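In the two complexes that follow, chain A is the common piece, with chain B as its partner first and chain C second.
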Partner chain A sequence: MKTFYKKFSEKFIEGLLLLSSTITTLTVLLIVVFLFKEGLGVFNQKPVEEGFVIALNKQNPVNKLSSAQLKNIFDQNITNWIEVGGKKDSIILFRMEDITNYYSEEQIGEQYENLPQCISKVVDSLPNIIAFFSTKYLDKNFQGKQLDIDKISFKEFFSGKEWFPTAQPSAQLGVLPLILGTLWVSLGAILLALPLGLAAAIYMSEIANENVRKIMKPLIELLAGIPSVVYGFFGLVIIVPLIQKTFDLPVGETGLAGSIVLGIMALPTIITISEDAMRNTPRAMKEASLALGASKWQTIYKVVVPYSISGITAGAILGIGRAIGETMAVLMVTGNAAVIPHTILEPVRTIPATIAAELGEASNGGLHYKALFALGCILFIITLIINLTVEYISNRKKYNNR
Partner chain B sequence: MKMPDENKLAKRKKWNQSIAFWIFRLLSYFIVAILFSILSFIIYKGVGVINWNFITQMPEEGMTKGGIFPAIIGTLCLVAGSMIFAFPIGVLAAIYMNEYVKDGIIKKSIKQMTNNLAGIPSIVFGLFGMSLFVNKLGFGDSILAGSLTLGLLALPVVIRTTEEALKAVDDTFRHASLGLGASKWQTTRNVVLPIAFPNIITGLILSIGRVSGETAPILFTVAAYFLPKLPTSIFDQAMALPYHLYVLSTSGTNIEASRPVAYGTALVLIIIVLIANLLANGLRKYFGKKVKMN
Partner chain C sequence: MYKIESKNVDFFYGPSQALKNINLAIKPNTVTALIGPSGCGKSTYLRLFNRMNDLIDNTKIAGQVIIDGDDIYAKGVNVDSLRKKVGMVFQKPNPFPKTIFENVAYGLRVNGITDKKFIEERVEETIKQVVLWDEVKDKLKKSAFELSGGQQQRLCIARALAIQPSIILMDEPTSALDPISTSKVEELIYELKTKYTIVIVTHNMQQAGRVSDTTAFFYMGELIEYDTTKTIFTNPKVERTQNYITGRFG
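This part shows the complex of A and B:
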């Protein structure tokens, strides 16, 4: 009986342990499901907010408009129907508040009870009109035609150059400036951090004596431990004004500020991983080089660095990964302008910063909300690729050594 | 004829080496200098702000005066909540990975997934926590939702540090115990875990340091801009130190006037991280010696 009990409890505990170790897998799967379920929902939606209609006169030959065309029409960048495939006539814009240009308040009624008929009549009487109004005021016998608007397409989403998720009448969901902003800032960060980090890794693993290393190692760990919001705060009060003064800019919140802060934050990752790789260089290899008369420095750059190159690459890639995913520090120092950057001295906006800044305002389940989840998906895929690349690089190393 | 040439070459070799080494040394010191300039700047600006009242009082006058008590309490709640969730699961998972499962496809895939989880950016955790805990499960913006989100974030850290702690235990202990007829779980519980315990605690402390500074995951799951009262249950919203610092420095009503409070908050965060790191290092050193002596 006792052995049975013992066996049973052993099995039970093993099951419990197995269960615990599946939690991480489960979490990753759940993240994928939730992120993509919401994120892919973007492509099933029209860019015009639900509850609003865009209507044309019946005689207008135009039946379809893209979201970018809509925006340009309402921003008056497109002023003639011929530009969107219609007749050669200038476009008349109509928003709900414009009704007062056509009818007096008495005609509309105190409770707006006649508004639907009024809108219908206006749309019917002007052949070149484009009207944007709430479905609440859509007349039962509406005389115009409702415009068919394309759903948001994959292509539009990834190649669109404008990100105005709350724009009226049509949201602009182009993630290109955000993706470029993210890569821009991260690239800058890695260009700053890689030489510094590599130098420190070489110094710690090959040059410094054991005592110096014992002091530096915990300091690097501490650098990794400082919360990102503190880095952001430091950047905001020190680095941003410094950049503004040095380059004589209107604002100091720039891509460069983001790159500097992210560079500092990526240092510990790069240093720790490359140092580990260098310390794993077999002693025999180093000694062989030294015995042939090479100096210590020659040994480092001819033997140690080439041997540990895959570890150094892994460190650099993980450093980029950390920079791409970093949210708070970037949000606080880059200025968050959603435009495609041309120099490093312009404000930029990254994907994580966009999510953090806008999710609070996006209504739950709406287009904006889903678009932000789609950004999350992009971020997830980028980091997954980075992780798998690192895995691949370090695995390949193992096989080569056998 | 040959001798002077060789001398010259050797000299140049030496020259190159010392220049290269000096560059590396200076760059390394530069990194340390960056660290110290960040720390000393925040300590210098914040130390005048911190006093007993600052730590124990509510914010006043649009957070330009008064203390940060509710933010400290909120962070403590979140740290405790996330660790209650992540620590046991993480340790059990690590035990399974290190003591039970054999090398093979299961171990490899669990490891891969844990690595993937560790690589996911914190803002994605925030999105996930919002859609699952806040919306789907209906917890709302609450300490529970925030703790679970932070717990998931900390899970890979706990698993990794615990695994390292278990790996450091010499196999002879396990063999001796198993040889005496103890079962696998008895061996793990009575032999392996006690030896690995200090290192596991070190990992716990480090993950506490990490969790207390995270902002992105709590933005949409728990954090409140300002609350006049302390949370009373796990379904309440709470303020938190990192979010408080973010709000004060970017979107407060009066940014200049609230700067001193921001410096103070940053210093409190730094102190938490410093203590966690020092404690972890101290423990590592202390118990490292002890195990060797045995």
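This part shows the complex of A and C:
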């Protein structure tokens, strides 16, 4: 009886462990699948919101317009058909509310019952018109031609220079400024954090005595526990005004502010991991160097650093990883202008900040919503590459140390 | 004239005394073996000669250690140049994570030598000195970790020889090696004696008997007996030495 009970409980615990690991794995897979399903959906969508039509006069030779061309036409940056491959004639814009310029309220009708015919007539009568209106008011015998609009393409998505997902009539989904903004800020962060972090790690592992180290290490690890919103607040109140004053800028919310805040946040990762790696340098190896008459410094940069270089690299890459994925602090200090940055003293916008800021206002399942998920996919892939790199580097370390 | 002399040396790790009043003098161009059971202080004593114990916190030394007539623990002594004069080979082979060539060149480079040709000649010369040249001449640019344990240890000896020390300290240099590698290292020690003063810590009685001219027996931090190896092994004056050598304790 006792053995049965023992066997049973063992089996039970085994099952429980299997169950929990299965659930975890499935959850992770589910999240990834969901992310990519929603994200890739953006390439199945047209940039013009569903339920809206863009129509031209029948005689207009133009049959296709890209999303960027549409935006420029409606922003009046393009004012002549010749610029988009048509005849040399200036473009007449027509939005739904413009109907009152052509017809009186009585003609349209109290319930807008005559609106479809009116729109049809306007489009038919003006050869240079481009009209943007709801499909609800598309007449059965519409006299114009509906413009054929391409789905969003990979190329457009990744090389587009404008991110304006709520633009009417055509959303601009160029992620280039966001990707560049993310990399820009992260690169700045790592350039600031790496020298400082490395110096601190060298000091703590090689120079500081045990008592100093005992105080410093927990303090630095504490840095990792501070909520990111606090960093953001700190950046907003201290760093942003400082940058504004120092560089005499109109606004202090810049890529530099983001880099500084992220750099501070990446420090504990870099310091802890590279310090551990350096402390793992065999004592015998350091002694061998010193016994050859090398000074402490020579030993550090000729033996300790080369020996622990893979750990240091791993620390730096994980630091970048943290910087790339960081949302809140960056959102608060970078100014969030979705334009391609040219200097570090311009506002930038990162991928995570975009998702956090815009998901709330994107309608569920819509184009904007899917575009944000696609951003999530990009972020996921970037961090995946980073993690794989770290794995590769630490495996290589094992091989070298045999 | 003695090469190394220690006078009334006491050594402390924190509150515990590791060496008690050691007086010992070593002649140039001899091999001296330090023997004794584990924890008897022989390694600690060896590491006094190149001030390696300085790296350990909370240690204290009293008395004098004199090398070439100078007290190496006197104020103002340049430890780096002392260590250049007193080379060391460690218990386990500990090459640097560098190429074979760079391992041997390391000591030259850290001592400020930049003449490429000189370094190349010196490296070749020392690798030949440790009878490793034929085995590694085609892979000088490869990592030192690719060598076998015995080859690595000989490389470490070459590394110590490259900066032309006059004293070589060896801390159980063959304890991690197989018998064939061990005998190669022993032959090497025998040859090196003509140029260097060698102090070797060993647990292996046969080894002490084979390679050394004089032997010092340590027990519990004290120097029990110091004499020619022949005397220690055939006719020791202290009973405890005899017991240790014949394997009755330790």
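Assume the second predicted complex is superposed on the first by the 398 of 402 C-alpha atoms of A that agree within 3 Å, B and C clash if a C-alpha of one lies under 4 Å from a C-alpha of the other, contacts with A are read in each partner's own complex, and residues count from 1 in each chain.
Basically, contacts are C-beta pairs under 8 Å (C-beta built on N, C-alpha and C of every residue); 3 or more make two chains touch, one makes a residue touch a chain.
Keep in mind that this is a model prediction, so the values were computed, not measured.
Aligning the two structures on chain A places chain B and chain C next to each other without any clash. Once the two complexes are overlaid on the shared chain, A:288 sits against chain C while remaining clear of chain B.
Of the two partner chains placed around the shared chain by superposition, chain B is the only one that A:352 touches, whereas chain C remains out of contact. Contacts of A:373 after superposition on the shared chain: chain B is touched, whereas chain C is not. With both structures placed on the common chain, the touch criterion links A:306 to chain C but leaves chain B unconnected. In the superposed pair of complexes, A:210 makes contact with chain C only, with no contact to chain B.
Legend: residue contacts after superposition of the two complexes on their common chain; A:298 is shown touching both chain B and chain C. Rounded to the nearest 10, the angle at the Cα centre of chain A between the centres of chain B and chain C is 60 degrees. Between chain B and chain C, the shortest distance over C-alpha atoms in the superposed arrangement works out to 7 Å. Counting contacts by the rule stated earlier, residues 295, 298 of chain A appear in both its interface with chain B and its interface with chain C. Considering their complex, residues 50, 52, 55, 57, 80-81, 83-84, 87-88, 90-92, 94, 96-98, 106-107, 109-111, 143, 145, 156, 159-160, 163 of chain C touch chain A. Chain A meets chain B in the complex at residues 6, 9-10, 13-14, 16-18, 20-25, 27-28, 30-31, 34-35, 38, 195-197, 199-200, 202-204, 207-208, 216, 218-223, 225-234, 236-238, 264, 267, 271, 295-298, 300, 318, 321, 324-328, 331-332, 352, 355-356, 359-360, 364, 372-373, 376, 379-380, 383-384, 386-387, 391.
By the touch criterion stated above, chain B contacts chain A in their complex at residues 13-14, 16-17, 20-21, 23-25, 27-28, 30-32, 34-35, 38, 41-42, 88-90, 92-97, 100-101, 109-110, 112-117, 119-128, 130-132, 135-136, 152, 155-156, 159, 183-185, 206, 209-210, 212-216, 219-220, 242-243, 245-246, 249-250, 259, 262, 266, 269-270, 273-274, 276-277, 281.
Partner chain C is touched in their complex by these residues of chain A: 209-210, 282, 284-295, 298, 302-303, 306-307, 400, 402.
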